[in-house]
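Have a look at these structures, which come just after this line.
Shared chain: chain A. Partners: chain B in the first complex, chain C in the second.
Showing the complex of A and B:
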């Protein structure tokens, strides 16, 4: 034990980094296939989307960036897939993050949205809107007063779906994907003002903020990081990159716990030696 | 002259939020139309702010390059990357064009994800160095952290179904309540700040408190 401690104290970074690399890489190459239990927050999102009827409008906030895509993009894909399976549900994609349109188009192509549904009648992509919360407030107040064209420059008046969608009063649900404080925007502007049902797909670090709103019944559900995406993939029976990553995440968590225990074991040993 | 501008700004800061606030309370079509216009102006100002951001970036890094300040080659890289994206976007006419997409997927995506992914290694190193239970409070935090990790990863349930349940109890009762108290505090603080701005007591938006 002492020799190990000596070795770790001299080269702890190299040893820990190597151990983490192996903990992440081995399950990705050789999956263990751990079961993925579904949490109530994920179930909340699934049930809400399942309850949508033809004609209902789902707004999808596409605030994904390159830095967070590993956590949030699998959630985004799973939700879009589920929404596109629902017959007659209208999907409106919008983002207030500068990279949003890139990820929205990438996801639409990945689920073959343009081949499965009619653009303009079943779904519309509004693109990026500057102005942060003011942009969300503008969308909720009057979309047509804020925007005249969609992401590709087509007039909104030419898109049949947009004729019946004017403000947040016409949104059935909002599902916002983000990693920053902007998740609050839809809660402030759509839920608090118009009573629109709001749910989130978030990075792990943002979940504690949103969870307080979930327990208060103000949001219908949360997809929590990669595990939320994996659970959703299980629910819609579409295994993807999130489910593959869960084994690696499990082993990494075990390694973190082992390191914490080891660190404290050494502290106890040091105290005994001093005594 | 500065005093006049400050007075005009104070009036704008009083009138604009008041219109938005009254619009929530009263269902008046004229008020609603004015409030919508005000909100849309804020969106336009937000879009302009992006342009100003780009301008100040060019100015600052241009100065760093011309004066050969430390690490000036990084400024060249930054400006070069920025203009490559701007030109590609303008020439191809879209940020989802294959050319723009290629630069984004080949450079931005791997670099950003690598930087973000490196956090996992820093956390691993920190969990060895920093999570020392030197007091009872620290021990409670440490144990709670372990249960929460076992709640979030499927391995917790595989080891024992009780582990995620304990994590869930900590999450529901300690985590959510603590966070709610914080959020209520932030909400009250924001309300107080908003009221101070409206009644002219907050000088920061007018160019800094004296």
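Showing the complex of A and C:
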């Protein structure tokens, strides 16, 4: 017992790290194939995108950076893939973080967007727009007054899709991927002012905040961290990085629970011995 | 033959392993990884910020001057206000920075106040007043009322509400638990994402190399006397 207690103490925390590494690495190398149940919040996003008709405009905002890519990027890929499968749906990509355009371009290349759709007619990438909430407000009020060019410097007037998209009145849905406050900006500026339907793809830590909006019917759905991405990959039948990681996450959670039970059992036993 | 893609994969893998080496102990490899990450992020942000000033203000100012359009020329005002922010570092002209900060705060507040009230107050009250026909709706209403009562500090009022504030405290604890559990899930997702990018050939081969380096360092440190380590 003393050996176990010593191993679980702070002096040997590397043992716990090693156990966690094994719990994560083994299922990644040899997938177990645990089922991925689909949550109501994920279903809300899927149903909303499924209901889009030709000519509808989907705005995809993002604040993806290196710090959150593992959680949010798989969601971003899955949503873009679903949007590009919908015939005639226009996709407008916007970045709220300085790193966001890099990840957006990476995602567009990964799903072969430039090969299967026409840039300017089916989708446009506006790139990073500085100004936080003021930028979102500007986009919602008048895109053409705020921006003259897209991410690669092409004039917006040269892009046929942008002729019919002027303000948030023309947006059918907004899907924002973030770990910060810009999800609130879209709620404040697009949903509250223009009634645009808004959904979120979030990091796990942001999810409890967003549930308040979901239960109040203010957003149509939430993709919750890597598990939300895995659920979406299952729904669109495109297994990717997220679905692959779910076995590892389940096993790591089991390890955490086991460690918590073990440590608490030791504390209880130790108290009894002292008495 | 190593192509650009493979080279970038090897560099990123080396840096990931260097950063994760902090789990073993503080070391120069971790420091290099950390500094490169911060440097690259800041460098990229600075370049983008310069481009933003160019696209959102400078070009509009140039075209305003060329055409005599007042709206275009007016972009000189926000550019000056931006420069004023740097006067924060001088004691003599600090008041100029305050002008810019006050304006930024005022614009931010006025932009968000309408939406915030609609979304966070009116919308949330409407959401809480859902028909009490289902168990989740009933639990939601009880949770909201009890959690709000927990923050009523007036003595007579809290006496009149009986055990409800205590229930509110449990609701808050449950919420904190959800936050904490989600944080763990989020952190694990980051590790999984990183491991997924490590478990590809040839990145995979660097893992045992890193493990051997750590083992060798642990052995050397074990053999080195404590006085030499301190020195």
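Quick notes
Everything that follows uses one rule, which is that the second predicted complex is superposed on the first by the 267 of 275 C-alpha atoms of A that agree within 3 Å, B and C clash if a C-alpha of one lies under 4 Å from a C-alpha of the other, contacts with A are read in each partner's own complex, and residues count from 1 in each chain.
The rule is short, and it goes like this: contacts are C-beta pairs under 8 Å (C-beta built on N, C-alpha and C of every residue); 3 or more make two chains touch, one makes a residue touch a chain.
Just so you know, these numbers come straight off a predicted model, no measurement behind them.
Within the superposed three-chain model, A:22 lies out of touch with both chain B and chain C [touch as defined at top]. In the superposition on chain A, A:142 contacts chain B only, with no contact to chain C.
In the superposition on chain A, A:191 contacts chain C only, with no contact to chain B. When the two complexes are overlaid on their common chain A, residue A:218 makes contact with chain C while staying clear of chain B.
When both complexes are overlaid on chain A, the residue A:241 reaches chain C alone and has no touch with chain B.
In the superposed model, A:14 lies in contact with chain C only, and not with chain B. By the touch criterion defined above, A:121 reaches neither chain B nor chain C. When the shared chain is aligned, chain B and chain C each come close enough to touch A:208.
Contacts of A:265 after superposition: neither chain B nor chain C is touched. Shared contact residues on chain A (touching chain B in one structure, chain C in the other): 17, 20, 24, 65-70, 98-99, 129-132, 134, 137, 146, 193, 204, 208, 212, 215-216, 225, 227, 249, 252-253, 256. Only residues 23-24, 37, 41, 44-45, 48-49, 52, 55-56, 59-60, 107-108, 111-112, 114-116, 118-119, 123-124, 126-128, 140, 175, 178-179, 182-186, 188-196, 199 of chain C touch chain A when the two sit together in their complex.
Those residues of chain A that touch chain B in the shared complex are 8, 12-13, 16-17, 19-20, 24, 34-37, 65-70, 98-99, 101-102, 105-106, 129-132, 134-135, 137-138, 141-142, 145-146, 152, 193, 204, 208-209, 211-212, 214-216, 224-225, 227, 246-247, 249-257, 259-260, 262-264, 267. Chain A contributes residues 14, 17, 20, 24-25, 28-29, 65-71, 73-74, 98-99, 128-134, 137, 146-149, 184-185, 187-189, 191-193, 203-205, 207-208, 212-213, 215-218, 225-227, 241, 244-245, 248-249, 252-253, 256 to its touches with chain C in the complex.
Contact residues of chain B toward chain A in the complex are 24, 35-37, 39-40, 42-47, 49-50, 94-96, 101, 104, 108-109, 111-113, 115-117, 120-121, 123-125, 127-129, 131-134, 142, 145-146, 149-150, 152-158, 164, 171-172, 175-176, 179-180, 183.
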